[in-house]
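You will see chain A twice below: alongside chain B first, and alongside chain C after that.
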Partner chain A sequence: MIANAAEIRKFTILSWGWLTIIFGLVWAVSWLVGVAIPLLLANVQADWARLVTEICQVLTPLVAVMVFIPINAMFMVLAERRALALFTVRKGPNRVGPDGFLQTLADALKLLFKEDITPRGADAFMFTLAPIIFFAPSIFGALPLLAAVTNNHNLFQVVNLPTGIFYVLAVSSVPVVGIVMGGWASNNKYSLVGALRSAAQAISYEIPLVLSIITVCLMAGTLDVVKIAEMQKGGLLNWNILGGGALSGLNKYFQALAAGQADAHQMLSQYYPDWGSVIATVVLIACTVLLVGIYLTGACAEINRIPFDLPEAESELVSGYNTEYSGIKFAIFFLAEFTNLFIVSTIATVMFLGGGDCPLPDWLNPLTNPAVTQPVGKFFSFFTDRIHLIDPSTFFPAIWVIIKVYALVFFAILVRGTLPRFRIDQLMAFGWKRLVPLSLIIFVLVTFAKGAVRLHV
Partner chain B sequence: MEHLDLLRAWIPGRLDDFLFYLLAVMAIPMALGVLFDRTIIRSGFLLIGVFGSICGLFLVLQAQFLALAQLMIYAVGITLVVVIALMLTNPKLEKEAQPGTAHQQLGSFLVAGALFFTIYCALRSESWPLSSEAVSPDVQTIGMALTTTYALPFEFASVLLLAALVGAIMLAKAERAISDKEEPSKEAGEQNQPATLFERDTTVSSTRR
Partner chain C sequence: MFDWVEQLFRGIWQSIVGLYEIRRGLGTVAMHALRPPTTEVYPDIVPPLPAHFRGRLALTVNPETGEHLCISCRQCERVCPDKCIEITAHKSPETNKLELIDFKIDHGLCMFCGLCTEVCPTYCIINTNDFEMADYTRESLVYDLKKLTLTQEESAYYFDRKENPLPKPKPAKAAPAAQGAAPAAAGKAATAEKPAPAGAGQTAQTKAATEGESAKEAETKSPDAQVAPEAPPKLSNDEGKSDEAKPENESGEGPRQG
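Right, the complex of A and B next:
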């Protein structure tokens, strides 16, 4: 029996409770704006009704994100504190609300009412602008991912771009400008050092990060996140983390074997004709697993999570670039940091972990079996067909995305509880001497291995 | 843009024109600010704003990839490097800029004039056919053009970047050799560039006020 099983149970209940609230609310708001209002206006034959309908539908993704970001950050702060308490066998915040459920809500309210101080000698305009520049990209950057994680739902198709992942990467490289601006405008040497460290770190770790994403795009042959997510459909063996689709032939073979086809072995020799293709498959699997590691490392450094949190190293720099911030501006910095953690986890999910795909292959999965879904589906026909509250083709992918993304977030918290902080020269040496060459080598390897085997057949 | 059909009726003129003038109104004052702001760091940040507006112009022209590359490389990467270089090399940030000597002013006038003349010739000599047809936002088109038609300029750009890299390393090395002579530390051989960079940076920020 685990010693703190009771605490683990409490943490689980708390997480499920918060997640239900977050996504229930986001779902309800998106439905209200995107479906309910247009449904009500469907019978009105007037110009303004059409205009309102269009505006509502175009604004749905934005409204969903705006509702999602603050509540999600509240949950993630609470989850982080409770999880860290778990790892160090403490209790964590457990007084406000039932078992600490409302702790971060109280914190957020307190921060909103605190006095907003601008230090003497600070550049007031840039001091105010910095949190905005830091926060805005996390709203705009997440938008194309929204189409990928909802299985290209009609309402969220608008935000999909042909240059999807490049857009996400370009926009998520903007926040470092906000950090440098805030650090410089604070008129505080700790802030300035934190900001400069952040800039150096972000520039050096962006290279392996982008190279790992580029390698995935090279294998997929597209930058479109929706297409990349769709390619990986059909179970664990199709995901990019396992060879970027090199194993989908094996998946087909297992399917034929399970169906009892006699020519299953022929299939295997059709997808993997010679030793070259087998070796290429093994190389691709090794490369993609390493790529996930590189991506997660680069992402951790990019968003200043703990093994790389030198910009706000509290033992050296008080609190780094946000030392002088208080009240609402500090809250915005905080909000953006946790939202960025969520966004990089979502990118990892979409690019490597199959997006909204169930780990079970289709032929094993009861949820895609019509014999099971037809009778069950009838019970929900009021929700699915009459008021369009639930769209089954979006609902299940969304659930899988939520599970995968929060698993990655939990992993990041675990890393934070486990690893010590780097020193600045170690950080730079690790970035430039290890990660950059490694990601370049993988890029070249993948370029050659990709030619010897068919991906995503 | 197909979702904005109804909005379009409310705005006089074409939507593209409206957006163009909006972005121009943002870009030009910021560009002037880059030139005339006394605080050098501030003009660095204004430069980011200028690049951001130009990225918006590319978006209006439906060159999505170009716009994003502009944002990622110019607006963030290069300008940040400029800002950091300014912070590390110029301790007296608030010092008023000295007006240059007559020789310097003549030189800069000549360079600026030659640049203006070149750009003017380039703008006027080529024909710029207008087309209402949407450019395919395909990355493939750009990739093919870069590796076939424009392979030579592409290679020149990479050589230029390599030269910049080597130059940066040489500058950093020379800096370290001088500081080693002044105070020989026991682990001077192990110190690499970032460590020295950040040692210097603390001294800079302490002499700032």
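Right, the complex of A and C next:
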């Protein structure tokens, strides 16, 4: 028996409770705005009704994101504190609410009502603008991912872009401007040093980050996140993390074997005709596994998380670029940081971990078996067909996305609990001398290996 | 010529080793999640403190009679390195003995060194196990006699816990000196005899029966020997006169103790 079962159980209950609240709320709000109001107005033959319907449908993604971001950040702060407490053999916040359930809610309320101080000598306009510029990209960056994580639900198709992933990457590089602006406007040398470090670091680590994403796009042949997520459907072997679809032939072969087809071996030789394709597959698998590592490293640096939290190194700079911030502005900085963590985890999920795909292949997955789904579907037909509360083609993928994203977030917390902070010269050397060449080499390797094997068959 | 190849492979090998080390670190940290937390849930569960924990200072009363043990000898005031103790006493013109009027300790100054408790001849001033003294003003950290004096039960608890010798029995000669207070004195003498059997009981628990007798004598004598040079004259003086002025004294001490 695990000695710490009680604390782990508390953490699990807390996480699932918060997740239920977050996604229940987002679900309810998107349903209300995107489905319920248009359904109510469907029989009204008037111009204003059509106008309201249009507005509602366009507003749905925005409302969903706006509801989601603050609650999610609150949960992530609490989860991070509790998980770090687990790793460091402590209890963590456990006073507010049952087992500290409401701790971050109390913190958020406190920050909202705190005095908002602008330091003497600060550029007040820039000082106010900085948190906004830091926070806004996390909303805009989250929008195009909505369609990918909900299996292209028609409520969120509005915000899907054909150049989705590049838009997300472009937008996610804007927060640096906010940090530099805030550090400069604070009239504080620590803030300025933190801000400049952040700029240097973000520029250095954006290159391997973008190169790893480009490589995935190269293998997929598209920039559309929905298409990339759809390509990876059909089980673990189809995911980009394992060869970017090079193993999907193997997946098909296993499926044929399970179905008892006689020509299964022929199928294998069809997908992997020669040794060249086998070598290419192995190379691709090695490359994509490394790519995930590069992506996560770059993302960690991009969002200033430990071990790359030099911009706010507590032991060197007081609190880095947000030293002078207090009250609601600090809350916005905090909110954006955790939202960025969520967004980079979502990008990793969509690009590498198959989006909303179940790790089990289709022929093993009970959720794709009609014998299972039809009776359940009948039971829920009121919700699915009459009021459109549940869309099964979105529901299960969304749950998989949630599990994968929070697993990555948990991994980031584990890394935070383990690794010490880099020194600035080590950081630069690691970024420019290791990660950039490595990602370029992988890019070239993938370019050649991609030609020798069929991907995502 | 092929140095760069060697360097390349060494670099790759070092990277692999480094990744393995990072993975090992992650595993170690993750395994820590399975350990029960070392945190003590303090306000809910107060940790057990040792008897000689130096917490808030307090003045004891005689656990048997409820009489205040302070004899206003000012030794604690003299020894205090912070000068945080302030004793107000006067020699009563009627009884010609020191009478304690007020006893102030500024806990904001006190550094809890425990020197005062060591010099106290009557084991009156002690360090209690209480440490929750947070307050809103500095003034409220100055404790007066009323706040400092413990109740009879608390005194008994601390005397028992710290294994301090119980207060010396009142001198028997004081009883006949005042005929008016004879019943009270008799009662006091009767109660004052109790400490000896109690001490015997304590020692009998730890030692063998035969040894217990001698040990009891040795132990009960040694504190007497320590206290004797300072305390007995004052105590006897105190006792002799207080019996005459008993009614006023009792009524005067009552509210202070309460």
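A few remarks follow.
The criterion applied here is as follows: the second predicted complex is superposed on the first by the 457 of 457 C-alpha atoms of A that agree within 3 Å, B and C clash if a C-alpha of one lies under 4 Å from a C-alpha of the other, contacts with A are read in each partner's own complex, and residues count from 1 in each chain.
In this text, contacts are C-beta pairs under 8 Å (C-beta built on N, C-alpha and C of every residue); 3 or more make two chains touch, one makes a residue touch a chain.
Quantities reported herein were computed from a predicted structural model and do not represent experimental measurements.
Three-chain overlay on chain A, with chain B and chain C fitting side by side and no clash. Applying the stated contact rule after C-alpha superposition, one finds that A:170 touches chain B and leaves chain C untouched.
Touch criterion met: A:200 reaches chain B, while chain C stays clear of it. In the overlay built on the shared chain, the residue A:51 is in contact with chain B alone; chain C does not reach it. Touch criterion met: A:180 reaches chain B, while chain C stays clear of it. Within the superposed three-chain model, A:259 lies out of touch with both chain B and chain C [touch as defined at top]. Once the two complexes are laid on top of each other via chain A, the angle at chain A between chain B and chain C, using C-alpha centres, comes to 110°, given in steps of 10.
In the superposed pair of complexes, A:425 makes contact with chain B only, with no contact to chain C.
Put chain B and chain C next to each other and count what each touches on chain A; the higher total goes to B.
In the overlay built on the shared chain, the residue A:126 is in contact with chain B alone; chain C does not reach it. Overlay on chain A (Cα): least separation between chain B and chain C is 18 Å. Counting contacts as defined above, no chain A residue meets chain B in one complex and chain C in the other.
Within the complex formed with chain C, the chain A residues making contact are 2-4, 6-8, 83, 85-91, 414-415, 417-419, 434.
Touching chain A in their complex are the following residues of chain B: 3, 6-7, 39, 41-42, 45, 48, 64-65, 68-69, 71-72, 75-77, 79-81, 83-84, 87, 137-139, 191-195, 197-198, 201-202, 205-206, 208-209. Residue ranges on chain C touching chain A, taken from their complex, read 15, 22, 25-26, 28-30, 32-39, 41. For chain A in complex with chain B, the residues that touch the partner chain are 47, 50-51, 54, 57-58, 121, 123, 126, 158, 161-163, 166-167, 169-171, 173-174, 176-177, 180-181, 184, 189, 192-193, 196-197, 199-200, 203, 223, 424-425, 428-429.
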